[in-house]
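What follows is a set of structures to go through.
Heads up, the next two complexes both have chain A, just with different partners, chain B and then chain C.
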Partner chain A sequence: MNAPVDERLAALRGSAKRLDYNARSLAALQNNPRCTLRALLDASGSDKAAIAAHAGHPSPFGQSVFALARGNAFETMVKDNGCAELVRVLRETLQLTLPEVGYEDLNNVGGDGRAAVRHDRTAQVLLQAARGDGDGTLFDHPMLRLRVGGHEAFLEPDLVAFRIDGRFHIVEIKSFPILDGQADPTQVRAATTQACAYIIALRDLLARAGIDGQAVSDTVVLVAPKDFTNRPTAAFVDARKQVAALSRQLSRIERIGDLVDLVPEGLTFDLDLDEEQRPRRPAGELTASLDRVLVTYRPDCLNHCEMAFYCRSRARAEASLDVLGPVVREQFGGIDTTTMVMGLAHGELQPSEAQSEMADALRHAARLRAELEGLGGAA
Partner chain B sequence: MSILSALAHVQAMESMRAVPLTEYRHRRLSGRPLVIVPLAMAGEAGAPLAAMVGSSRRTGTLLVVPQPRNRDQRFAFAAGLGRIVVDYIDSFRHNRRGEDERSLYTDAPQVLVPNPGGVKALADLGRMCRFRSTSGPHAVPDVVPEFGMWLTFLVDRAEQAGTSLLLPVTRMLAEHWATGQSTLEDQNLASLMAWISPPAGLSVEQAMAEAENPDVCPPAGPTTSPEFDNRDLAPAIRRFDTARALGDPRALATAESDLRELIAGQIQPTWRMVWEAISLLRSVREAPQTARRFERDCAAFTRYSDDRDAGGLPQRKRDTAISAARRLSRLERALADFESETAFDDRFVRADRRSAGEAFAGTVVETESGRTVTTAKNRRVPRPRVTVRTEDPVRLVADTRLISPSMPAGHKAVIVSVLPDGDATLVVVEVTGGMGRSVAPKPGTVPELGQSIDYLPDPGWRPEPRFPASDHTPWTHSAGPDGPDIESAVPEDAAAEEWGNDD
Partner chain C sequence: MSDPLDALEKSISTLRRAIRDASAAGDTERAGELRMQLRRAERAWDALVDADEPATAPPHPVPAAAPAAQGSQLPAREHVHRALMLLGTPAAPKLIVGVHEAFFPGELSASKLSSLRRDEERSYRSSPGARPYYLCPALAHDLLTPVRALITISTWTLDQRVIGPLSPRVDFLTSAIRIAEAVRTSAESTAGGPGPEALRLLWRFAVNIPDALPRSVAGHEGAMDPQQVIDAAGAELDVHADADRAARAEAARRARKSLKDDQQLFGAPAQGVTYLRTARA
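Presenting the complex of A and B:
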């Protein structure tokens, strides 16, 4: 990445502290890869939640203490006694023949919890294992590193297991249940997408030491509570497609320069925080800056992106069909706004050649609806 | 979705109010539904936190699990809720019509929950309860497995299109009204109601904003808002735990009533809103064929009820390959039937199909009403032909069988040809049924010149697909050791009985 691009990104973020990518924000890339605003906010390391709040649209995400506590308690239980429960599950449920287990705690290095230190130690033991010396097979919270858009992002998987099938496997420990052999597909997908970032980062680590990426499996081991109990069970999840998709997103980030070039000179998302972390920048000015960047809002953003309420209100103000979601949108081909739809439906707008077929259908539909409403049949 | 329904959503967005999508309500609404508003604890798989239940707005019972992680409290809750639900269901198991074996109950229960998440919460609860043992070290009250089995029955039935034994009210509302928001937001009861019937004195915009503010409109569940969890619920549960640990009955009683009050504050707004939604839905006329679908509900209810009386086993955890295939085929047929029945009954739904070219309406411009043909059995039968001119974008082809809501019952026809005529289309239709037994059709059974007429495809009678009996399944398709029938007879192992974290 060239310096000017980096400088422009720094200017977008302004005086705020840089937030690095993490597994969650990398995973979120997949949800709306075409969105310019999101790409710029993430690449510049801006604090989306703070920006959304100051723009008058606080992010819809909070996390319940109950969910956190449950997640932590479950992970602790699985890893207790050198991962005794985990080993049992790997052997019994996944029927893996594990050699004797060597558990390696990488949560800190002799009490030092700094990311860089932990990363060095992680690199050391994982490379040893890969080269066949060292007896580690389960690595608890290794610290991986990935360069994203020219910046280091530290990534911390729950666990990496070695020598399942002679390869490294990412183990994701989640507290949603596998109920009668099935888990909620959206939750599995979210877990797998996160794991993809770890797979890529681990391959990167090995590649730097000249070890082939094949040493890291595309299959993720999902460990989760069995039914409504506290006991874990496990399942293999094939992440091949998602790894490929995330790799594509990562290379797009490398081309962030193309997007930055389109940003008007002098634009910034800076909140100009005072000592107490209160924004000093007038909210109207911030919104005006946000408004100048392209977004591709869709209702699914409400599940994934901190900016969702802002983008939704903007889409509403523009009478954009994005508000209604892709199912409605796709009925209207290339049309963007409700104004346009109504104009074509009532024959007040002249359709372009490409729109003419759809405009016919639309006028027909509008006629039918007018007839029905005339009947006044419905309440 | 067709362009017509899509347009309805655009109209709603433009006019900032909900617009009707159908002429009728196609779901039966019981005169005495049982509303359940379930709440569950965040992060804990299906751990119930509370429920409000009752069959009228004024008689709601609030049940609370003060410590959702405690197994005994969970089962006390399941038993309490179970008794109410099972009593309600039993109250429909009295009047039967018809002769002995084939007699059916004349009415059936209807459980309504706020949203699809509510159905999931009941499914989880059903799964938790139905295998519980009523004897031994982890004994639960008799009603618990009974309740679990009934819930599972209701949830299974709810998968089938057009049924009405268990429904989320958001779905009933969204079937009838189009809003100017997305399907995702339509699953939020308060947001949906904001479009259809905003609270007095509020605009739709204001009501929508309030609907998403958990302090004004607590979420309709099953999970509570994180703000509420962190700010109110967690400390209240902690106070309850402390009081219990200290064995202080006064403090315990206070802590418990505080908790109830907190939860009541979260659940009551939803409770009221569900009943408001119900009265709104009552104001929509019920579609004619809803009664027929309800018959099928009564039949399913009767069958399951008899199975319970015969001491049937809990439903298995996973379908076998055969029962999965059978279920899938049943669901597909039910969906096709439901789509066709609603289109037959409802001009709005029909317009929807017309805009997609799957049905048409027009004027009869030519008739050949005396036409007859001679069958292979050498019988002369009437086969009148009529030409319908329509402006609909017809995509049906020759030989499509048709039915018509504009003609007397039993009318059947088939498309002979579809030809463009300027901006319109001419469809030649041959009438094949519903004309009586003689060579001359009964009066009024053949469309007349100048008559307006609607046609749509006949889903027709299809034979029940046949599936091999379970013991003939090739081994490649049989359920693993996970799913044999006997399994449902034995309660789960002790480890699985530990349903909770504490104690």
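Presenting the complex of A and C:
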């Protein structure tokens, strides 16, 4: 990344402290790569949560103490007593042999929990395992590092399991249930997305030591409660496609310069915080700045982006079809707003040549609906 | 229960010999220091002999038994000590509370345990050796720093208190055997048999040990046999025991060489310091 771009990004962020990419912003990157606002905010390291809150759309997302507590409790339960439950589950799925129970706790290094220290220790321990030394099989909370757009981001998988025939597996411990071998696809997808970043980071770590990336499996091990019990079970999730997608997105971050060039000169998302971390910038001015950048809202943004509520209200105000999700949107190629859809359906708007086919379909649908309503009224 | 006692007796006799040597050499300062260690070891031995009794015969549902009534009045550290002596391995607060609830009367909560650990270290530092035993953290095998979540007893040997890569599993299997033994003893010695908490605790261990539960239709939990758990855990233990013992012994040797007395109990403070000291030693 070249210097002028960095300067422009720093100007966008303003006086606030730079935030690094984390597993969540990487997930957002993968789920909605086309969103300009997200790309700019993430690349500049702005505090999306604070900006959204000041713009009047605080995101309650990620704040559910119950969900967090439940997730942590389940993870603790799985790892209790020397990972007893986990060892059983992994013996069943990964066919770990009896002697493979070595456990390395990487949550802190002799009481030191700083990310950089933990990363060094992780690198040391994992490389040792990759070279075939030591008894390590389960690595608890290793600290990985990934270079995103010229900045380091620290990532922390739940667990990395190492099998003796030479491959590392990322293990994600999640508290949503696997019912009859099936889990909620959205949640599995979110978990896999997270795991992809870990796979890429772990490969990167090994590559720096000259070890082939094939040592890290593309398959993620998902550990989750079985059916309606609290006992864990495991499933393999193939992450090959998502790993490829995320790798591509990461390489494209370098092209953030193109986006920055499109942004009006002098634009900033600075909150101008005072000593007590209260924003001094008028909310209206901030919203005006945000409004000048293109957003690509999708309903599933609510799952991973702090700005989602702002984008949704903006999409609603513009009567954009984005609010209805990609399935609806794709049906109406070339038509952007609900007002236009309604206008065409009621014949109030004259369709252009490209829209004529769509307009016919809409009018037909409107007729059917009117008929049904008439029937309903009669009955 | 005899392992730590044996080790203590051994260290008592070693200390006696060392005192004799030191006084023969006229090194009074060293002899005095050794005498203090000896006294501490002897006190620990006394405490251990006393503590052994309830552990070998868990007084769980003994009706109106005097020790049970006394047990509920004990301070928290005694409760923890008793649970740890039953397990014979470093254990997390949650497991200690679990064992306590399964086999002993009285109240013990995990929150009490965390404050207890701080108190123990403070008490040791203000007057080392004043108590017969201290509750202290396990030590990590590589950095010899305290392992936060695991509690041990100061009278155990360093080998027992060090945690190597295989130790979590070895300790898990060992605790499973100890709990199964306790369940069996209480089944034989008391009319009511082991309480439901004890059986549930054993079951939680048994499900994660290969072949520890009888192969039967699901839902037959009552068929769990402590002897089968002991055998299954013993079988897996055989696989890990040698490697684990070697790693622990090596780390313990290093700890004895490079750490001071208090650090052998409460762990090396930070990694940088350990490295320096090892380099100098």
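The rule is simple: the second predicted complex is superposed on the first by the 316 of 379 C-alpha atoms of A that agree within 3 Å, B and C clash if a C-alpha of one lies under 4 Å from a C-alpha of the other, contacts with A are read in each partner's own complex, and residues count from 1 in each chain.
By definition in this document, a residue touches a chain if its C-beta (ideal position, glycine included) is under 8 Å from a C-beta of that chain, and two chains touch if they have at least 3 such contacts.
What you see is a predicted model; the values in this text were computed from it and never measured.
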Figure out whether A:Gly102 sits in contact with chain B (first) or chain C (second), or with both, or with neither.
second
Looking at the overlay, what does A:Glu152 touch: chain B (first), chain C (second), both, or neither?
neither
Just checking: does A:Phe66 make contact with chain B only, chain C only, both, or neither of them? Give me first, second, both or neither.
first
Should A:Val341 be classified as contacting the first partner (chain B), the second (chain C), both, or neither?
first
Touch check for A:His364: first (chain B), second (chain C), both, or neither?
first
In the superposed arrangement, does A:Asp261 touch chain B (first), chain C (second), both or neither?
neither
Considering only touches as defined above, state whether A:Asp227 meets chain B (first), chain C (second), both or neither.
first
Between chain B and chain C, more residues of chain A are touched by B
Does any part of chain A touch chain B in one structure and chain C in the other, and if so which residues?
231
Along chain A, where are the residues that touch chain C in the complex?
80-85, 87-88, 91, 98-99, 101-105, 108-112, 134-136, 231
Given the complex, residues on chain B that touch chain A span 1-4, 6-11, 13-14, 19-20, 22-24, 41-46, 124, 127-128, 176, 180-185, 212, 223-227, 229-230, 233-234, 283-285, 317-318, 347-348, 351, 354-355, 391-393, 482, 492, 495-496, 498-499, 501
Okay, in this complex, where on chain C does chain A touch?
92, 94-95, 140, 143, 145-148, 164-169, 171-172, 175, 205, 207-208, 210, 236, 239-240, 243, 247, 268, 270-271, 274
Contacting residues of chain A [partner chain B, same complex]
60, 62-71, 73, 175-177, 179-181, 225-231, 299-300, 302-303, 319, 321, 323-325, 327-328, 331-332, 338-339, 341-342, 345, 358, 360-362, 364-366, 368-369, 371-373, 375, 377-379
